[in-house]
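Below are two complexes that have subunit A in common, paired first with subunit B and then with subunit C.
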Partner chain A sequence: MYRSGYVLRRVAFAVVTIYIIATLNFLLFRVLPGSAVTRISRIPNASPELKAAVIHQFGLDKPLWEQYWIYLGQLLHGNMGISYVNQQPVTDNLWTAFTNTIPMVAIGTILALVIGIAVGVLSAVRRGTASDHIGTNLAVLFYAFPTQFLGMMILIFAAGVLPVAGMSDAFELDPSTWGHLLDVGKHMILPVLTLTLTLFAENALIVRSSMLETLGEDYILTARAKGLPRRRIIRAYALRNAMLPTITLIALSLGSIVTGAILIEIIFSWPGIGRALYSAVLSRDYPMLQGGFLVITVTVIVFNLAADLLYAKLDPRIRA
Partner chain B sequence: MGAVIDTAGAAAASAGMRIEKNGVIPVLELDDLNVWFADRDRRGGETQILNGISLAIAPGERVGLVGESGCGKTTTILAAMGLLPSSASVSGRVLLDGADILPGGEKTIRSHRWTDIAMVFQGAMNSLNPVKTVGWQIAEAMRVHRVRTGAAADRRVDELLDMVGIPVARRHAFPHELSGGMRQRAVIAMALACDPRVLLADEPTTALDVIVQAQILRLLTDLASELHLALVLVTHDLGVVAETCDRAAVMLGGRIIEAGTIGELYYRGQHPYTRKLFASTPSLKDAKPRDVVAESSALLEVSDLRVSFPIRRSRKASSADGSGAARAHRLVAVDGISFEVARGEFVALVGQSGCGKTTTAQSVLGVTEIDSGAVTLRGETIVGLRRRALKDMRRRVQMIYQDPYESLDERFRVRQTLEEPLRIHGIGDAASRRRAAAEALERVALSADYLERYPHELSGGQRQRVSIAACLVLQPDLLLADEPVSMLDVTLRLGILELLNELRRGSSLGILMITHDLSTAAAYADRIVVMSDGRIVEAGPSYSVVHHPQAEYTKQLLAAVPDPQPADAGVGVDGGVGAGVGAGAETEAGAPRV
Partner chain C sequence: MSTILNTTPAPEVPPTGATGASGASGPTGFRYVLHEIMRQRSTTVGLVIVGLLLLSAIASPLISPYSVTVSSCGVFDPPSAAHWLGCDGAGLDVLSLVLHGGGVSMIVGLSATLIAMTVGASVGVLSGYFGGWVDVLLMRITDYFLVVPQIVLMIVIAAVWGPSLFHVVVVIGALMWTGTARVIRAQVMSIRERVYVRRVAGLGASHGRIIFRHILPQVGPLLVANAVIAITVAVFDETALAFLGLSDPDAVTWGTIMEHAFDRAATSAGAWWAIAPAGLAVAFFIVGCYLVGRSIEDALNPRLRVSYLSAHSWRLRPLVGKKPEAI
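Entry: the complex of A and B
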């Protein structure tokens, strides 16, 4: 299906980008003022010996380039260091955080995509009618809401009806598997709702304008002249072509969802990647931050790569 | 097919047979068709677009629907297929075999689309779905209408492609992999998929080069007689109609003002508009021996100009023509050409798209880097100037662009558009600039009232006059006109060309017009330079190039030019082009143009 060169070039490009990001990520934390040791040495009565011991323990006394090589080597082995705060491997911390974030973000994103595309297509096909006005105005309304404000409002209105904090009920001891899932699902409703509302709007507006442009193309008129049923024209002709530019835009926003989830996770006390990074910033937990940043950028790059490959699969003009 | 005829025939019987005066039953008949469009700004307001259109087409007949943009010709055929947008209201009847297909609405019309009436649209580039293969799209029509399915549909796709002259292997090609002419052939194949009896073609050749246009027109003519199709050809080009159709209807302001055979319209046109239309259409015969230009000193000299562009990787295009590989990934756009424009001379650079004529113009403007050769204006070199000198040189060479809708800034008043070049070059003060703008406007025959207008308040012809005036304010030595009239209506073209012709008379202004239209060039230019594949194949006085062409390519080009005079119709299509069809089709298949 693809010309082999295209895939290879895209993948190589992604790998190089990841390497550059890893390097920048390393340098960023070396040039920042204030080190982890400064913070630890604020412990009353910390002797210079203790400070030196801590510096030595973390390997911060080695020359920068040596630290860099160690960093890269460890990274290749999947080792992102030990968290300064809880002394656990960063990889484990991140893994726990990610597994908590992913179901919430994935459900929210998929819902936002489905609703967004549906609203966008409907508004475009029925341009100028009441359903277009309602759909478009709703989308603009939610697009304009800052996430934190929308989250707070939902939290206030739903408090008492649905759980508003955490991932599960801490007081329910030894629940059955189903009971636990049900509990998590209940906790998930509000964060997912907030995420869906903020994301669907953007998708709906992008899909609508892309659809409108496509509906004006000559091949749509030809398809109508061919006597094709309306549904087929919308699906195989309009939506199929309108999705091409949309995919890139949506993939870009998918990458940033992980970061966008920070606000939602903090509002709803969801123990995910966003909250983990937030608290890592507060406690200057460098290895944790470094690892988190790296994982997030890699996610963005992977989503973009996926979008590039998908785009090429859908658009025969790209496969060159 | 049989079933379709039976039901339609029964319906025709019940509606009462309608018989034309010559005894042939029309397959498609438009009867007093009126169309209104709802106004966008006025609620409830409507504008009438079509006014009492009646037209009958018999099987095997080829009818032209002629008119300028906005006359309602496209609306007519869209109405015939029920494809008008929902803001349109329609009255009148569209009779297929005597039965009105409109009253049943979308449902009944849809069953006739493609199976009875098929359509070929103007946008050869865009009327195919870019993400599906050509073969898939041809087969789709048959599948949806359940005319043929499975292997039978596959076989039919091959037959159709063969019929329109596309190699069968190309059925798996995507639209972007085909050249413009090939794409239009594919669209025609698609239109024939369900064996329609009426084919509506809306400007089917407008976007194509003249040689390809001749091939497509010939294909349509042949298919119409072979398949006994009723062909309606919508076009603004009288030459195309004269070469293709038996009869024509002239439209103006939503009405058919005159209809008849091509001969009747050409020789005995009753309506003044018909006569004006024919008079405005340039013909190769308009080229007359001219006096030698009085001032013969050279203004622009181009000698041994060579321009090439790097190509990204070796694509199909370069490997197909063999020479591409040897030239190490550079596309030679202009390959050592030399020509001159004298003071007060009108020279036309003629060639098909991709022949290098635009690149030549860009070199003369100094906006593209050249490989070798020299371009001089009054003996001073243009190439390789430093910024300040180049700016001064640019003042002396001004360009008129093809599309007057794109070339004017929508937010500038005409006065601003005309004064801006003076401001940029720091000429004069506010008062003198204002005077210069008014004078320039006068030279292009627009009154000073137009100074305060915005482009959207101007017609296409007026816009083009304003862009010419914007060149004139700088009092250039040379005007470069890149297809200056190809976006304009036929009757407006004459005015612009006359204006250009007038401007250079009695002044030292030289004009270099770039065009694909040999008949326009023949009618106005003193000399014609014919380009092909980056080289000049022939150059000389217009009269001798047109009447005594030397190069084979020029002969081919001349043969392909459609002529509005009906007597020549047969010669133009059957004589010269026949030989060109095979060769042309081969190069088209190989190299997609980008």
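Entry: the complex of A and C
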């Protein structure tokens, strides 16, 4: 059972953070040099009348606080503006992209977690042996590879064997749901592989050092003195306690998941939210950029909140 | 690379009476830590890797075989005797590019890290030393920064601000300090309560003197360990931002080399040689820094040296005596 105070505080923190991010999102585009106002009329020799008309059309001639008020109100109604590029509501664009990203990232993250924990525990328990050296050195190597390098190498060497671009084949002959899913799954193999390879390393290193620290605790010595079998000590005593700090650290690594996902979506032309952000940057499509930033950030904040609550559920000491 | 990451268990207890450069004793004493760091093989390997990369970057005007602005071969020519690492999409020699790019990449990483360490150490020391409302305020701000996915914020700021190397440095540095601030704060909070600090305070030393003379030297090694790891993050982030076209398009860095290759469709041409050298250079640099940073951290954290359940100790744990006659 939770102490309601703790949950309330965490939820309040998340809500305040989202509010601050929304405000930052509003301010960034108006305060920084080269802001929306100067870039909005991207016609080089636009007449002053045209510029004024564009500024008026987007409501940028209103006072700042009034713009802010309108922005917040519209945001609460799920309106994030109209994309400059395809003249569609940003919310619709992002929703499609978001649903494309989630399965890819979810599968990659879960695989990376499973492999990372396995490698980390194995290296910690067999510290100093060959399997430790192989495990940790591999992990450090993959930790060091830039995502785009790994992605492009996989793309080049897997081209022709597996689909390397997009999410589905436009000329797919099997019209059934299963045929479509199979096709998407095939397209997903390489992006997921890249994401898993870049993420498992960090997890493995975190789990390894957390396990090592736990294995040095006195209760492990006590458990050994009681003559408990090794397997039981590792599972019931060490791993359980080692997972606690691991959850926090992995929640904090959500940022690197996002980074990886963005780069991978660009490389494999995956029509997800990272790619949407990228094309927004390229075409200076500010509404899409703003919306993408907000959606990604809010997602990360929500997952962080979930990790916090999970942590409190697993570790009773934290609920005070 | 077989035993690089194995921090061999060191049974000896830190000499309790040893006086470090700062006059402090215990496991964080400066000389003891330095000794511990240099004892580890990973330090040597890491320093050699970073040193070689630094040397080649400094000597790049002398040793790079071709110009990095004038094309010297065909588009995506594969590696040959004349061009060891082949050519990129603009007919530039990849070896020369990677040698040149190293310097800029490392300077970007180092400058961003300097900014991040300055901010992080200031926040951490102020927060840990003064406590109270200063601590609450600063840590609240840190929490907000910590939860926001940094690369996305970097993308937005760099996109609105305009692509330039300077902007990349500032953006990375300004967003990367949170972890450092937290680690330093925790350390400062424990140092603040030590007897000698309380004594100095009792003798009437000012806050400034206590912080600069007694606390900063104590958190120094930790700050260095953090900085070394932070450089890897900064270099990594630079390549990511460059890949999104947010770095200076004319600058040659490890990040822009990969970006240009991708931009000119090296992936469909199968020209792995235009991408791999820069990517591997980044990876080597990161591994080198990581090894050094880790061994500093290990030296600072004696808890990791004990493991009651390591494979070696499992069968015969020498409670008394040396290995053969152990009980």
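In this text, the second predicted complex is superposed on the first by the 292 of 320 C-alpha atoms of A that agree within 3 Å, B and C clash if a C-alpha of one lies under 4 Å from a C-alpha of the other, contacts with A are read in each partner's own complex, and residues count from 1 in each chain.
Going forward, a residue touches a chain if its C-beta (ideal position, glycine included) is under 8 Å from a C-beta of that chain, and two chains touch if they have at least 3 such contacts.
The structure displayed is predicted, hence computed values, not measured ones.
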Practice problem: Once the two structures are overlaid on subunit A, check if subunit B and subunit C clash or fit side by side. | Solution: clash
Exercise. Figure out whether A:76 sits in contact with subunit B (first) or subunit C (second), or with both, or with neither.
Key: neither
Practice problem: Could you tell me if A:161 is touching subunit B, subunit C, both of them or neither one (first, second, both, neither)? | Solution: neither
Quiz prompt | Which superposed partner A:240 touches (first subunit B, second subunit C, both, neither) | solution = first
Exercise. Once the structures are superposed on A, label A:267 by its partner contacts, choosing first (subunit B), second (subunit C), both or neither.
Key: second
Quiz item: Of subunit B and subunit C, which one touches more residues of subunit A?
Solution: C
Quiz item: If you stack the two complexes on chain A, which partner ends up touching A:232: first (subunit B), second (subunit C), both, or neither?
Solution: first
Quiz item: Touch check for A:317: first (subunit B), second (subunit C), both, or neither?
Solution: first
Exercise. Pick one for A:224: touches subunit B only (first), subunit C only (second), both, or neither.
Key: both
Quiz item: Which one of 401-409, 437-445, 509-517 or 563-571 is the stretch of subunit B that crashes into subunit C?
Solution: 401-409
Quiz prompt | Overlapping contact positions on subunit A, where the subunit C interface meets the subunit B interface | solution = 217, 221, 224
Quiz item: Mind pulling up the subunit A residues that touch subunit B in the complex?
Solution: 217-219, 221-229, 232, 236-237, 240-241, 244, 314-317, 320
Practice problem: Mind listing the subunit A positions that touch subunit C in their complex? | Solution: 13, 17, 20-21, 25, 28-29, 32-35, 125-130, 132-133, 136-137, 140-141, 143-150, 152-153, 155-157, 159, 164, 209, 212-213, 215-217, 220-221, 224, 230, 233-234, 238, 252, 254-255, 258-259, 262-263, 266-267, 277-278, 280-282, 284, 286, 289-290, 292-293, 296-297, 300-301, 304
Quiz item: Which residues of subunit C touch subunit A in the complex?
Solution: 1-6, 8, 143-144, 146-153, 155-157, 159-162, 232, 236, 239-240, 243-246, 258, 261-262, 266-268, 270-272, 275-276, 278-280, 282-284, 286-287, 290-291, 303-312, 314
Quiz item: In their complex, what parts of subunit B are in touch with subunit A?
Solution: 81, 83, 110-115, 118-119, 121-123, 126-132, 140-141, 144-145, 174, 176, 187, 190, 315
